[in-house]
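Each of the two complexes below includes subunit A, the first together with subunit B, the second together with subunit C.
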Partner chain A sequence: MSVESSAERAAAAGETLQGFQPPEGQGRSGVHGRVARHGALTPYLFLAPFLVLFCVFIVAPAIYGIWISLHDYDFLLPHKPWVGLSNYTELFTPGGRDATDFWRAMKATGIFTVFSVPLLLVVPLLVALLLNRSFPGRTFFRAVFFTPYVLGVAVVGLLWRYLLDPNIGLVNSYLDQLGVHRNIPWTTDLPWAWISLVGMTVWWTLGFNAIIYLAGLQDISPELYEAAEVDGAGKWQQFLHVTLPGLRPVLLFVLTVTILASANMFGQAFLVTKGAPGNATRTAIMLIAETGMRSFRMGVAAAMSYVLAIFLLLISLLNFRFFRMRDTS
Partner chain B sequence: MSLGRIGFWVAIAALTVAFVGPLLWMLSTSLKTNPDATRQPPSWIPHPFTTSGYQPLTNLTSQTPVVRWFLNSILAATGNAALIVVTASLAAYALARLDFPGKKFFFGLIVGTLFIPAFLFLVPNYLIVSKLGWLDSLWALILPSAGGAFGVFFLRQVFLSLPRELEEAALLDGANQFQIFWRVVVPLARPALATLIVLSFLTNWNDFLWPVYVLFSPSRFTLPAGLSILQGAYTTNYPVIMAGAVVASVPVIVLFIAAQRHVVESVARSGLKG
Partner chain C sequence: MPDLDRSLFLSRRHFLALTGGAGAAALLAACGGTSGPPTAQAPSGGNGGTKYTGPNVSVAFWNGFTGGDQAYIKKMVDDFNKATPNVKVTMNVYQWADFFQKVPAAVASGNGPDVGAMHVDDIPTNAARNIIVPIDDVAAALKLSESDFSPIVWQGGVYKGKRYGIPLDTHPLGMYYNKAVLQKAGLDPDKPPQTGDDYLAALEQLKGKGIQGHWMSPFPFTGTFQFESLLWQFGGDLFDKDVTKATFDSDAGVQAMTWLRNLVTKGYSPANVGQDADYIALKNGKNAFNWNGIWQINDLASIKTLQWGVAPIPKVGTQNAVWANSHQFVIMRQNQPDQNKQEAARYFINWISQRSLEWAKSGKIPARKSVLESAEFKALAPEAQFAKQIDYVHFPPQAPGIGDALAMVDQALNNAILGKADPAKALSAAAGQATKIVQDNQKKYGS
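Showing the complex of A and B:
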């Protein structure tokens, strides 16, 4: 199943939901047969304002980006010669001008994704399971756990840089009181920098995934749990045989969205570790942005972004393949 | 109370501390003097209590005019949300209710772009914005993201679920399509339109990477882009930095509290669709 077809499926589901459609012929046809409901141009007038923006800022750049990546495109130089695929081949040539930096950045994005995605799949599920019980103040706590997400990465980054400051940060200060008498270099050394980046990202986005899980949990029919209980299934077995299968589409959605968000990681590293130590935490997006919009070497930057996009596409295809396999088994 | 029940409330309490604690610490630090903010062991209550951390933020002629950034952010996020709700609702109405050649093609094209990762647009849009003469201006924050497909997709789903009877009646009464859209569909879809406005405002307000690169002058920054400059300018003066963070947080937290149910519901439903 391709990514596109799932969206079309969602759209089609909306189509079938629409109720209240008058029976054929009624309301729209008279003696003259079908009455013209609107002029031929009307729909395009409705579409036009959006289509202008859509064409200029979505369709055009999608094509323009490929064209840029095929040129030695320097923003500041008048001559931007055609170089074919060499921006791409350079990235795959060991020792190529940007190859080392690029693959180090891809590795950084990869490390971040590999450690943050499992946590962001499991921890929010646990929180959602807690919130799925009925208790006083449930809506309130649901909103509290979601609050960091509405703050945006700049606030979250500044806040955690302060909390994680090796000398005066709250985290080291409490660790000291707990008997860890060393100043852990949370933002400047490995593996601490990764722990910081992954940890603050979990804190920041946990609520988003938890709310999606929670909606999925509430969508599972209570009768399934009752039936499982009649069959003598314990809580754990109910979780394995009712909850997890019921959550499968939601899990796929959360997995896809979380991988995409992790691959887009920029602000946390930009603000908190600034790529330290020695560019080890400089992510692919950081490198693309710096190369394209600071050094203005846009051809290479565009090529990098397409290579990253192809990686993401392959991972999404694997996800869908994996989930469909589980479906048919 | 059973053991499980106690464990449950302990977990809820621990999570609440983990989520609220850092935010309170941010607020508390913004009301401290710098020596107080760096004191060991740390204290949660400012002593002395001071708003001096907020004072440098009001200086409009400094390199870090936070008040100015605040206004820029309000302008950009409001303009962007307004543009999105107007253009997306018009387009969604055509796709949900009108018949025309090319409808399937347009819808397919618009939905197809939902799956293109946003970073692919960075470099080419930087060039497009530069050619339009909008680098270092708020137009660069207001217009490009209004081309995104989400609003149209979201509102089309909503419009399709609305009952058609009122529209049919209006049509028989001789209303034209724009009148039907404006007098019938827009009032019926008001909660969804409000949700889209809030989501667009929050997204634009928090946008970080794009403004960091397309804005250069201190007077033009939005809050998120400016905050990283503030951090650079006041390196270890944490009361000032946290005051900036509080200023950037208050509007979105107020908006979130006001529209909490809409925001949470729209996020929750996004998973059920896929």
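Showing the complex of A and C:
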């Protein structure tokens, strides 16, 4: 969106794209000349602040992380033996110290992602469609749906832990009054723990996705709907042929961001279930944090992170490819 | 040599050749900060803390006293600052879990605090990782010796023959009970059961009145402490003597875990007790007994309408035993130690240590025998009940990295109490993993 608006502004100022590569010899006195002289560098200068941060806080640590993953690494011990790829091979060797835990954690992350992402795509879209209509109190409801998102994970986690407690929680207490006379183990047994974790995450983060959708919906030109209506399209057909295609770039963004966020789930499970029952709800990030920050086995933890990162990279690539295919078809 | 066969797949030299050579290695190594061998010896603390007469200094003190004890430690620090104008102690309180993540990073970067408090089982890990320094001089200067403390507390501060911790307190598990609930079931609220048989009889009586009397938590707080207490009561132990092998899956362990699991199967506890729900239920009058730490005293006391009592945990196994831990003062390694700060920090430890009666009021048993046996401490009724157990308290084992192996006990407990695996199976799976961990630790830290 910012690209568009800056292009518009440039057009309004009477500049053209050719202005960036002007013919030689145009005076430096003219406005065109100034932009031209510095044009080649300008985009990089604009990018520079971000690029510096990106390199210092993302690229450098990522490379350093590979280095760490090849050692038996504890930053406080003077001796950090080189172990080659064995931190990685260990993860693929059944019966080792970490393999079982790691793949169980990856499975937990996978389960959570598979169940939370569809809900976080669909529910916020429905909310956004509702909030896009005009009705009295619309702004109020927009705020209501967005509000949970501003809470920290600690608040959300503690809140739901008490609400969902199997024996003294509010939820079971109300269910009891409604005639469900058994204590549902929301936080201590499967599949209930997953239902709780997915449910609270949807409640917590749907506002963010809804706002993105809402912005996307408002970008779709009303004329398209009018034209569709003139052609005799009903509400459902309008949704299929106008709304969804119009939302495609937004959908790609929401899908990618939601998958990554779900795959990085940590706080909810850490606070609400503590990984129970057993380690069934201990997610990959939870295990990585434990391994690296509590056991100080940073080499293994780094190796786990890279395996997880490769999975996420592949999924993101599939995502982009899928949407591009739809684009060209 | 483990290093050799581990690096079969990719040698360091090979990796560097692939990634652009030694320049990158130097760069990467530089990122690692001070990789030279850190100075292990403690800078001497002058007079070891008997007094401080130097120029004005500030001393940073970090700890994890986030519970009811926070107000007490804050008051003690304030009192110290008033009484000692040339030393200003500034305190930071973190959750223990955060504390042990922050402290190593802070110390490594030279921004660590001067003084800290830790549990006994954290001392070996932090000594081996060079985060805390030996303070034998403090003990010598303060003329402290084993006879001033109970032996287990005093030995808790030692790692590899050097003293790293000055004991502050002992905090065992005990049995809290809700008097009103006992009365409702026709039980004498002034005579809580003290043997395994009496205890089960009381639970049966409560069950007859529709009360589940012992909510059994499948979580570390305090399920693990209950299991460990009973393991010791049945004559077992968590690890062998040199901490090379996990032994909590022994017969004693199975007996202990089965007893606890039976609380659920016999209906004395609801299934699926959530985190802290057992303790909250005690306060709400839904639960009769809760084996919990001495640190809860002030929290219970703050509820004016609650009638509660506390007693030693019953003797369920063949001998008396109960889980406990101890807070100890430690001094952190500094990259550039400041002589005055070192002395002031030692004086601060000494000053607080002498006032452990004040600290006891926060829900602790004082470490110093003289205070423990004083009439003033005995007048602290709930604390004195806990102190009855002082002769048979058991601490978690001490070995670097032990926390990772102890986490396996939490796992066995969770699986067994939630009925996901039978006690023997849950214990043997966890013990197998714990053995792997302690053996890894020995390789890493040296035994």
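Everything that follows uses one rule, which is that the second predicted complex is superposed on the first by the 264 of 329 C-alpha atoms of A that agree within 3 Å, B and C clash if a C-alpha of one lies under 4 Å from a C-alpha of the other, contacts with A are read in each partner's own complex, and residues count from 1 in each chain.
In the analysis below, a residue touches a chain if its C-beta (ideal position, glycine included) is under 8 Å from a C-beta of that chain, and two chains touch if they have at least 3 such contacts.
This one's a predicted model, so the numbers in the text were calculated from it and none came from an experiment.
Undergrad: Of the two partners subunit B and subunit C, which one touches more residues belonging to subunit A?
TA: In the superposed model, B touches more residues of subunit A.
Undergrad: Given the touch rule stated above, what does A:294 touch, subunit B (first), subunit C (second), both, or neither?
TA: In the superposition, A:294 contacts both subunit B and subunit C.
Undergrad: Would you check which partner chain A:234 touches, where first means subunit B only, second means subunit C only, and both and neither mean what they say?
TA: After superposing on A, A:234 lies clear of both subunit B and subunit C.
Undergrad: With the two complexes superposed on chain A, say which partner A:161 touches: subunit B (first), subunit C (second), both, or neither.
TA: both
Undergrad: One more residue to check, A:191. First (subunit B), second (subunit C), both or neither?
TA: neither
Undergrad: Between subunit B and subunit C, whom does A:143 touch in the aligned arrangement: first, second, both, or neither?
TA: Once the two structures are laid over each other on A, A:143 reaches subunit B alone.
Undergrad: Would you sort A:118 into first (subunit B), second (subunit C), both or neither based on which partner it touches?
TA: Once the two structures are laid over each other on A, A:118 reaches no partner at all.
Undergrad: Check the residue A:245 against both partner chains and state whether it touches subunit B (first), subunit C (second), both, or neither.
TA: Neither subunit B nor subunit C is touched by A:245.
Undergrad: Which partner does A:64 reach: the first (subunit B), the second (subunit C), both, or neither?
TA: After superposition on chain A, A:64 lies in contact with both partners, subunit B and subunit C.
Undergrad: So which positions on subunit A get touched by both subunit B and subunit C?
TA: 60, 64, 75, 161, 167-168, 293-294
Undergrad: Which of the residues in subunit B end up touching subunit A in this complex?
TA: For subunit B paired with subunit A, touching residues are 8, 11-12, 15-16, 18-20, 22-23, 25-26, 29, 37-38, 40-42, 83, 86-88, 90-91, 93-95, 98-100, 103, 106-128, 130, 143-149, 152-153, 156-157, 160-165, 168, 171-172, 176-177, 181, 202, 205-209, 212-214, 223-225, 227-228, 231, 238, 241-242, 244-245, 248-249, 252-253, 255-257, 260, 263-264, 267-274.
Undergrad: Taking the complex as given, what residues does subunit A use to touch subunit B?
TA: On the subunit A side, the touching residues are 3-4, 6-8, 10-11, 13-15, 17-22, 27-28, 37-38, 40, 42-44, 46-47, 49-51, 53-62, 64-65, 68, 75, 127, 130, 133, 135, 141-148, 150-155, 157-163, 167-168, 170, 173, 176-177, 203, 207-208, 211-216, 219, 249-250, 252-254, 256, 260, 263-264, 266-267, 270-271, 285, 288-289, 292-294, 298, 301-302, 305-306, 308-309, 312.
Undergrad: Report the residues of subunit C in contact with subunit A in the complex, numbered from low to high.
TA: Per the touch definition, subunit C meets subunit A at residues 2-3, 6-12, 15, 28, 31-33, 35-38, 97, 100-101, 104-105, 107-108, 129-131, 215, 218-219, 270-275, 277, 280-281, 284, 286, 401, 403-404, 407, 411, 414-415, 418, 420-421, 433, 436-437, 440, 444.
Undergrad: Sort out for me which residues of subunit A touch subunit C in the complex.
TA: 60, 63-64, 67, 70, 72, 74-78, 80-86, 89, 97, 161, 164-169, 183, 185, 187-189, 274, 276-279, 290, 293-296
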